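The structure is given below, and queries will be raised subsequently.
Letters A, B, C and D mark the chains in the order given here, with residues in each chain numbered from 1 onward.
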Amino acid sequence: MDFSIIELDDETARFRDEVREFCKRYITAEVLDAEYRDGNGFDLELHMALGERGWILPTWAKEDGGAGLTGLKASILALELEAHHAPSITKGTTTLVLPAVMRWGTDELKAEVVPGVARGDIRFCLGYTEPDSGSDVAAARTRAFRDGDEWVIDGQKMFTTGAQNCQYSFLLTRTNPDAAKHKGLTMFLCPLDHAEIQAIRTLGGERTNMVFYDGVRIPDRYRLGPVDQGWMVLLGPLNAEHAMADSAPPVTLDSPGGMYGISAVFALEAAVAWAATPGPDGRRPIDDPLVRHRLARHALDVEMATIATGPAGRIISSEVAIRVGADLIDMVGPRGLLPRGEKGTVEDGWIEHSHRFAQGTATYGGTTDVFRNIIAERVLGLPRSAPPTKSPS
Amino acid sequence: MDFSIIELDDETARFRDEVREFCKRYITAEVLDAEYRDGNGFDLELHMALGERGWILPTWAKEDGGAGLTGLKASILALELEAHHAPSITKGTTTLVLPAVMRWGTDELKAEVVPGVARGDIRFCLGYTEPDSGSDVAAARTRAFRDGDEWVIDGQKMFTTGAQNCQYSFLLTRTNPDAAKHKGLTMFLCPLDHAEIQAIRTLGGERTNMVFYDGVRIPDRYRLGPVDQGWMVLLGPLNAEHAMADSAPPVTLDSPGGMYGISAVFALEAAVAWAATPGPDGRRPIDDPLVRHRLARHALDVEMATIATGPAGRIISSEVAIRVGADLIDMVGPRGLLPRGEKGTVEDGWIEHSHRFAQGTATYGGTTDVFRNIIAERVLGLPRSAPPTKSPS
Amino acid sequence: MDLDLRRADYSLSDDQEALQAAFETFFERECPATRVRSAEPFGFDEELWQRLAGMRAVAMGVPESGGGDGAGLEELILVAEEVGRRVAPVPVIEAVVAARLLAAVPAGADTLDAVLRGSVIPTIALHAGGGDQLVPGGSVARAAIALVGDDLVLAERDRPPEQVANQGHAPIAWWDLGGSDVERRTLATGREGRDLFEQAGREWRILTSAALIGMSRAVLDLGVQHARDRVAFGAPIGTFQAVSHSLVDVAMSVDTGRRLVRKATWYQQHEPGVHRHLVPMAYFYAQEAAVEATTVAVHVLGGVGFTVESDAQLYFRRAKGWTLVAGDPQRELGALADQLFGPAQVVGA
Amino acid sequence: MDLDLRRADYSLSDDQEALQAAFETFFERECPATRVRSAEPFGFDEELWQRLAGMRAVAMGVPESGGGDGAGLEELILVAEEVGRRVAPVPVIEAVVAARLLAAVPAGADTLDAVLRGSVIPTIALHAGGGDQLVPGGSVARAAIALVGDDLVLAERDRPPEQVANQGHAPIAWWDLGGSDVERRTLATGREGRDLFEQAGREWRILTSAALIGMSRAVLDLGVQHARDRVAFGAPIGTFQAVSHSLVDVAMSVDTGRRLVRKATWYQQHEPGVHRHLVPMAYFYAQEAAVEATTVAVHVLGGVGFTVESDAQLYFRRAKGWTLVAGDPQRELGALADQLFGPAQVVGA
């Protein structure tokens, strides 16, 4: 056990100052307003500025496009970006996919994309989900047909978040429909030039997309890993997304953490700030025993959301965000309903937004139900709860 | 909608007074203490006194051993007995089984048992559950072999509550182990003279039993319904126990109702009484905002437990009893731990007892999980959630 | 324990069933989700409102002496449940409650006439006090009834204030009851004023409870349909208890909540002095059930449930959107406690 | 947001792992469920207590200056978790906390010696004030430390008062701190006395939290085993999500709760002035988790879980039985709030 303060040497302290300066400069009120409005999960200028400093791949060597940062510095960078609400979804999907590209991509492909990833002008999104397959990832039906040295992709992907910001999709296709469900899949890093992207808006204000692949032809060099063995290729990023590894950062800003806990952290902070401000009657809500009791309970839940790890962290942080968001908006009363920018809105609409946003977190990257199955089977050793798997028909 | 007061005519009012007198006379402090101590669910003197008045089968005609009561009077009787905490489990199982005896029993068998049921000296318990089968009732393995005009019963039943008070068990046996699970079962009204009864004590303080049938021989007249068609025979009492019919009484004492809600009702009443009494510091707990808030919430839950009907009533009343019991005991603090009769105990230990007792209610007669399956399938029309049923091996 | 022996009959009369069926048919035909969607973000559909007047939805709740049809709360909750079931973009609950209040005082007669003629939509400012407040229906109403000090006041404006954007896309607006653009008239004073205001608040809660039950029932239907149709891991997702049991919990809340609302309604209509805790109880339960129901539906529908194209999210937004205008729902438990246990005795600090 | 950058290391050192393994082995061997059962209803097993002394379970927590081994809370929670995991019928938590308190004041030296020699079991009266109170370990202790007025007091008796029957079969008893059968000695006064008492209460809560995590983990194991073995409707019941997901929730509480306890422990030991809310937070969470875990286990085990023959019910009784002696757990949230938000400002009625 060790929760002691990390004393920063002068150079690291300067680095932190530099990061904070950077955040102030690039994560402006306009950037945040645009993010609130458009739900892009991405800001081009910010992303390119990160790239310029090697901060997209901060621990990579400078000669490979990184910044050669120590683990500590990389953590400082990540934590400051998070604390400043940097739009980060597209950066996240890009760096999630990169290890699979490094592992399975040809040298030619790596030369084509990796420097751009580091610079910032090449970005990846996740192309798993389809209209008829979500948590059951391997049920994908998008077809890839071989045609000489090329592949022809036909199908439709759903919830390809950030596709509008990306040049490539990490695409799951079915190459052998006669094989068993997990045996006929092949992965591609598919250029998006010829795919049709159609926006989908969410309850949480985020933008995501349908992506239509209508006879999209791509050279074989975009294939990742062996034909029909895409499941193996996919598993790395999928497990990383499923947080199967102990994902606790080695250091932490002494507050936010957790996968979706951050949303609840911000909402709770907003609610505490509201409650500590005297109302029209001169009383502070936080002196009301009931408000106080509820905030204390939420503080506990949010703490759990931030200290839980792995699949449990994914479940708890999402469910805490949902539960806490629903009560905080109640606590604030009528004004809790007002979004950012309206007359009378509370704490910039963080609570109003958080209540909506939280709902999606229980589905992203597989539902909380599926994660409970994962814990039941892999941690507790219980027998599978799903009916026998059949190939999609 | 109609929740109006039922004005009692003079005769009915006199009947109610008579019932109250009866309760005072027979449900004494000694009876209640014995029930708390032994968890019998039965008091012989009380039961015989009910029988003497025809009140075991109150709506039956007097010539059949009943009291010819109107529905209103029968409700008054039931409600007053409940309000006075009459031990009632064995009366309940007896009258639950009786319709099946009337429907399937031979005239000879009916002549043997029905008058005694009405008088009180013949009582029935439920012999479904076995060590390896609980909610999955039809998985029973107790064997019945035909031997001429007799049957030989071999097997073991579990949780035969009240067996020590009963002369017969409504016994589920397997007569054809080669048939499909639900097709090889036969029901008996099996005399208990030659069965071995072994007491089991519960967390809730109740007594129940293991019953061993070791080559018990009974004449064929104790069979109920056709051989191998026991499932059909069982379904009537089982559905009644599963509260599949709308079980709301036509009238209600304007407070308790619900299957297990009554336990929560009594615990809540005890907690409110405790909270309205000034403590050593002269303050009433109920004036504390947090106590007040929690009691209000529990009052809501208990109300729901009493107005819910059917399978929902069974689930809600049990889960409310569990949830409310757990918080009421907290609220009272250290003294909440003390049982009836100890120095410093609160409100006769109702809360302490209720917290323990409530746990069993989520299992009795099939777990709450099974009841949720019932609602999912029969009310919502969802596909079966259980894996394909196999015969017990 | 020596309590009254009472009936416990939750059923509808034949007339009530006919009324319910009529409004079910009306809203099914006139208010599909497309209509709700196209009325966003203002939360009001003028044409639907006119057709609803044809159904006498507001007039029916006004006593015959005031020119209405004299229906009671027992009937009005049936209408409200259908309103909620279709999340209809019309402030019918506020208007009915306000119209009934107008009918209860002589000074309300003129405005009530205008309401019944369809030229004014009335509403109620739910929070006692004279300042600025968010008023449900306030962006389409020209008359709002409020309690200012000890006076029950009718506040009128030439035209409604602008709608305030809000999570539920409801037609709510800030009304400054002391503002210069408001003309005020006293309807009743003192005890009478306070009692009438309290009664109106209770009626608003009852009707809103019924609407919330309707919402919950509608999203339950969406969730059940999806659970039957959607296949994952080789089986309909309704075969998984994580899905089916959440839906069962919602179904139980809908059925039991509806019973509670009916019980509270009956007492409020027939013996308003008895069991007064039932109104805050029903309201609290119904809002909690609606939040749970819509949360479950959005979850069961998965990614699709979270898109704005999903009907589930229309309901999700309104579960809070239609209730929070009355304030923090947890406060209802305080009202409940005061009725059940008597007011708290003040304890020195 | 400009907070300290801190490590977040929840792991054990090699020494700590060895200590944990030693106590795990000890309790597994010395304290099977049969032993717990045979110690009922008195909740104390003298022989086990003697053997535990051989493990220096109490002495280890006493500073070396006081004749102990100078272990910190980080080590003591490892012991406490094993105590809870076997619901061992020994008041080791109370004794350790009391012994550490005795070691903190010169006036405690003699009694501490007696404790270390094994001739006295000490305990702590958790509630400030001089009257009658239920004291954990109070039916086997001859010395109880209490806060009476502003004085930290050592109350001694010739022999312990009789045990009070209780849900958890715990060795609790009424101690009348002002009674004639009690000899009182002041250990510290004023601010010092209050601070020491508060610290002891915090240590008791930390160690009890760890014990509660141990309990939860033990019943989780029982539930998982049963869910694998028990067949219903043709499949192990662990294939049903109603069963498996409840067990998963317990598993998450155990793992995450343990992390919280460790974090709270570290701060209490190393920076006791920082993040003081973590102690009531960990305690509240752990007791809630234990109630949930034991409730789930009893349910998953079905009818069998509800019989007194079931080990699950041993744990169920103690989830409340070991915590309620400190009072209503919801009050911990008040302590948490005071630490996090500052004390409430008194508002006139």
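Everything that follows uses one rule, which is that a contact is a pair of C-beta atoms (placed from the backbone, for glycine too) under 8 Å apart; a residue touches a chain by one contact, two chains touch by 3 or more.
Keep in mind that what you see is a predicted model, and the values were worked out from it rather than measured.
Trainee: Could you let me know which interface, A-C or A-B, is made of more C-beta pairs in contact?
Mentor: Higher contact count goes to A-C.
Trainee: If you average the CA coordinates per chain, which chain's centre is most distant from that of chain C?
Mentor: Result for max centroid distance from chain C is chain D.
Trainee: Suppose each chain is reduced to the average of its Cα coordinates; what separation in Å results between chain C and chain D?
Mentor: Whole-Å distance between the two chain centres: 49.
Trainee: Could you give the separation in Å between the centres of chain A and chain B, each centre being the mean of its C-alpha atoms?
Mentor: Inter-chain centre distance comes to 52 Å.
Trainee: Could you state the distance in Å from the CA-based centre of chain B to that of chain C?
Mentor: Centres of chain B and chain C (C-alpha means) sit 40 Å apart.
Trainee: By the touch rule stated above, which residues of chain D touch at least two different other chains?
Mentor: Residues 235, 239-242, 245, 330, 334, 346.
Trainee: Can you pull out the residues of chain A that are in contact with at least two other chains?
Mentor: 289-290, 293, 369, 372, 385, 387
Trainee: Can you check the complex and tell me which residues of chain D touch chain B?
Mentor: 131, 133-134, 164-168, 170, 172, 174, 231-235, 239-240, 242-243, 291, 295, 298-299, 302-303, 305-310, 313, 316-317, 320-321, 324-330, 334
Trainee: Help me check something: in the complex, which residues belonging to chain B touch chain C?
Mentor: Residues 1-6, 8, 16, 76, 79, 83, 248-255, 257, 272, 275-276, 283-284, 286-289, 292-293, 295-297, 299-300, 303-304, 307-309, 312, 315-316, 369, 372-373, 375-376, 379-385 of chain B touch chain C in their complex.
Trainee: Considering the complex alone, what residue numbers of chain A touch chain C?
Mentor: 129, 132-136, 139, 158-159, 200-204, 208, 280, 290, 294, 322, 326, 329-339, 341-344, 352, 355-356, 359-360, 362-363, 367-369, 372, 385-390
Trainee: With touch defined as at the start, can you tell me which chain A residues reach chain B in the complex?
Mentor: Residues of chain A touching chain B: 289-290, 293, 387.
Trainee: So in the complex, which bits of chain C are touching chain B?
Mentor: Of all residues in chain C, those touching chain B are 1, 3-12, 74, 224, 227-228, 235-236, 238-241, 244-245, 247-249, 251-252, 255-256, 259-260, 262-263, 265-267, 270, 277, 281, 284-285, 330, 333-334, 336-337, 340-341, 344-347.
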